Amino acid sequence: MSTEFTLVAIALLAMLTLTAMIISRLRGLYGAAMVAALFSLLTASLFVLMDAVDVAFTEAAVGVGVSTVLVLTVLALTHSREAVTPRNRRLPAVAVVVAAGGALVYASQDLPAFGSADSPIQTHPITDVYLVESQEDIGIPNVVTEVLASYRGLDTLGELIVVFTAGLTVLSLLGTLAPPEDCKPPGRFHLTDYRVIRIVSGLLMPFILLFALYVLFHGDYGPGGGFQAGVIFASGFVLYGLVFGLDRAQQVVPPRVLWLLVSLGPLVYAGVGVTTMLLGGTFLDYDMLNQGHPESGQHLGILVVETAIGLTVAAVMMTIFFGFASRGVTRK
Amino acid sequence: MILAVMVALLVAMGLVLARVYLGPGRYNRILAVNLFGTKTVLFVAVVGYVFGRPEFLDIAILYALVNFVATIAVLRLTHYDELVEQHHEEEV
Amino acid sequence: MIATHYVYWVLFAIMMIGLYVVISHGNLLKKLIGLSIFQVGVFLFYISLGKVRGGSAPIISPTVQTYSHPLPQVLILTAIVVGVATLAVGLGLAVRIFETYGTVEEDEVITRSATDPADGVPEDSLNGGGGDAAQGDEA
Amino acid sequence: MHTVLTVASGVLLTLGSIFLLTGAVGLLRFPDFYTRIHAGGIAETVGAGFILLGLLVRPDDWSPSVAVRLLVILAFLVLTSPTATHVLAQAARRDGVPVWEEGDGPQ
């Protein structure tokens, strides 16, 4: 490992640990949520350093964008200060943590050295399938996209259904979304104070959505894909809702459309699988989509599946945000 | 040269982290987190050059974007009552 | 040992900080934040197992010879999105608990549900949420 | 040409690093929120601009796609970073974050 890599990795890991400690010490939960966003930024930098560019993309969009917004929305609905942890709770926790950490460190002796090229994961035959053979079978440079959407397509369908179910669960916990006319911000919302931020956000909106589309369709050649695009799309609308008011955001994307999109994704995804079965292949065998030219069949299949993922992820994230944000309305 | 920039960025990140820890109060932390975000954008851009794959700058664009969204979210949601009208106020 | 395993150990430490927050803190929202810390530790651990010395991101390019393993990245990519979806479910539960008991502190929830399990809390304690946002929040 | 560009990039990167570092020191050392946002916000944007320009003129691994992305990042930062700090300062003023005056201790 090059010395630069090691030094940068150590610096980032040290900062990450410090940030985690700061989060655990902060009792003001608004502060903790903000530092959690910083934690997420650091994590994403480490992902970039460890060559996981797609993961870094997702972590940045999810950790800094969506989950910070969700935690803050919930804090606005509940108490934002934490009670002091009683001393008698700390000791058992420390005991458990020390025991578990000790067990992990003990077990880590069997792990291969960090970055070694002859560790079991690297020498397993599947590595060659993914990194070399995939270029002939599918021909898309981004291996992560290939594995995600094609080789492990069934697994990803499962993950998408988890996201779908989580969206449904949040809706059933919080009740249906408040109608847009109930979410009108009060008159003083339109203060001239906010002129700068409104103009800049209005200017940025189209670029955010364009960027999301770019990430979706460029995911074959660079970092990106359906999950990332969905989250970016959603964070664009979250920004819109935060700056221009929830009512206007809900007019742009009415709940009815949102629910249609939430269920459309898994349906399209599974539909592709059923289509390939009807065409004589196995479930999600994209080769069948273009019989004479399996490679372009794969391209088509991956594109459709990634779009389906993007739709559902974006719709679920928006539903969750609107659900929490309009909770304050329905509660009153 | 690029390495020196990277070191400068890491040192600056450390200093900002100290401000995050010291606070005090919400605004100092938002400010620090926001500035930390800008440094991460630069860090990611620079890492691409150091390790020889500068084409991954898309990630840095995304960082710049979410950093802005997060800052606006913090400002907005800490004044939640401005975002959603409180119905009972109207009736009183 | 230190030179080859330090990354894993630091990541274990981060996981343990998260676990400590989950176990020791009584505030349900803080527990969820702690859970995310733990989760991030696990994510980084997976990714670190796929990293190869001198490798590069698994996006095939004629100028690059060694690539890090793509499989952990695929698993973690989906896990992150699923993670935020489950975080949202947890937050939804926390909101409902707050609406029923007027608090998100675990101990108080337990005492309150023991004393009067049938009815919730008076309306006015619900409105306290927006109010205390205005106070400072020094550590 | 190559040497000129390399030197120019080096100068820009150095300037950018200096701005970033002074901004960070200011953020840490100044006594109240408004002075900190002044130091941090302005130095940060300038420093980021210099570093991105420095990367842009670097001739070694220059390619059009990289250059376009650098310009997009630059445009994004120049647009969002001052907006964010402006809104922050305004919100802090409205919320009554105290202003430091000579003789006060550090906050």
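Order as written gives the chain letters A, B, C and D; numbering starts at 1 within each chain.
In this section, a contact is a pair of C-beta atoms (placed from the backbone, for glycine too) under 8 Å apart; a residue touches a chain by one contact, two chains touch by 3 or more.
Note that the coordinates shown come from a computational prediction; the quantities given were computed from them, not determined experimentally.
A.B. asks: Identify the chain pair with more contacting C-beta pairs: B-D or B-C.
C.D. replies: Higher C-beta contact count between the two pairs: B-D.
A.B. asks: Report, in whole Å, the distance between the mean C-alpha point of chain B and the mean C-alpha point of chain D.
C.D. replies: A distance of 12 Å separates the two centres.
A.B. asks: With chain centres taken as the means of their Cα atoms, state the distance from chain B to chain C in Å.
C.D. replies: Centre separation, chain B to chain C: 19 Å.
A.B. asks: Hey, how far is the Cα centre of chain A from the one of chain B, in Å?
C.D. replies: Averaging C-alpha atoms per chain gives centres 18 Å apart.
A.B. asks: Centre to centre, by mean C-alpha position, how many angstrom separate chain A and chain D?
C.D. replies: Chain centroid spacing, chain A to chain D, equals 28 Å.
A.B. asks: Give the residues of chain C that touch two or more other chains, as numbers and ranges in rising order.
C.D. replies: 56-57, 61, 130, 133, 136-139
A.B. asks: Would you give the residues of chain B that are in contact with at least 2 other chains, written as numbers and ranges?
C.D. replies: Within chain B, the residues that touch at least two other chains are 13, 21, 23-26, 30, 32, 51-52, 55-56, 58, 61, 65, 67-68, 72, 78-81.
A.B. asks: Check each residue of chain D and list the ones that touch at least two other chains.
C.D. replies: 80, 83, 87, 95
A.B. asks: If you go through all the chains, which pairs of them touch?
C.D. replies: All chain pairs meeting the touch criterion are A-B, A-C, A-D, B-C, B-D.
A.B. asks: Report the residues of chain C in contact with chain A in the complex, numbered from low to high.
C.D. replies: Its residues touching chain A are 1, 4-21, 23-27, 29-30, 32-34, 36-37, 40, 43-44, 47-61, 66-74, 76-89, 91-96, 98-99, 103-105, 107, 126, 128-130, 132-133, 135-139.
A.B. asks: Touching chain C in the complex: which residues of chain A?
C.D. replies: Interface residues on chain A, with respect to chain C: 1-2, 9-10, 13-14, 16-17, 20-21, 23-33, 36, 39-40, 43, 46-47, 50-55, 58-59, 62-63, 66-67, 70-71, 74-83, 85, 89-90, 92-94, 96-97, 100-101, 104-105, 108-109, 111-117, 119, 121-122, 126-127, 130-131, 135, 141-144, 147-148, 152, 155-156, 159, 162-163, 166-167, 169-170, 173-174, 221-223, 225, 227, 230-231, 313, 316-317, 320, 323-324, 327, 331.
A.B. asks: Residue numbers of chain D touching chain A in their complex, please.
C.D. replies: Going through chain D, the ones touching chain A are 79-80, 83, 86-87, 90, 94.
A.B. asks: Okay, in this complex, where on chain D does chain B touch?
C.D. replies: 9-10, 13-14, 16-18, 20-21, 23-25, 27-28, 33, 36-37, 40-41, 44-45, 48, 51-52, 54-55, 58, 61, 63, 65-66, 69-70, 72-73, 76-77, 80-81, 83-85, 87-88, 91-92, 95, 97, 107
A.B. asks: Enumerate the contact residues on chain A facing chain B in the complex.
C.D. replies: Contact set of chain A toward chain B: 4-5, 8, 11-12, 15, 18-19, 22, 28, 30-31, 33-35, 37-38, 41-42, 44-45, 48-49, 53, 56-57, 60-61, 64-65, 68-69, 72-73, 75-77, 182-186, 188-189, 197, 201, 204, 208, 211, 215, 218, 222-224, 228, 232, 235, 238-239, 242-243, 245-246, 325-326, 328-329, 332.
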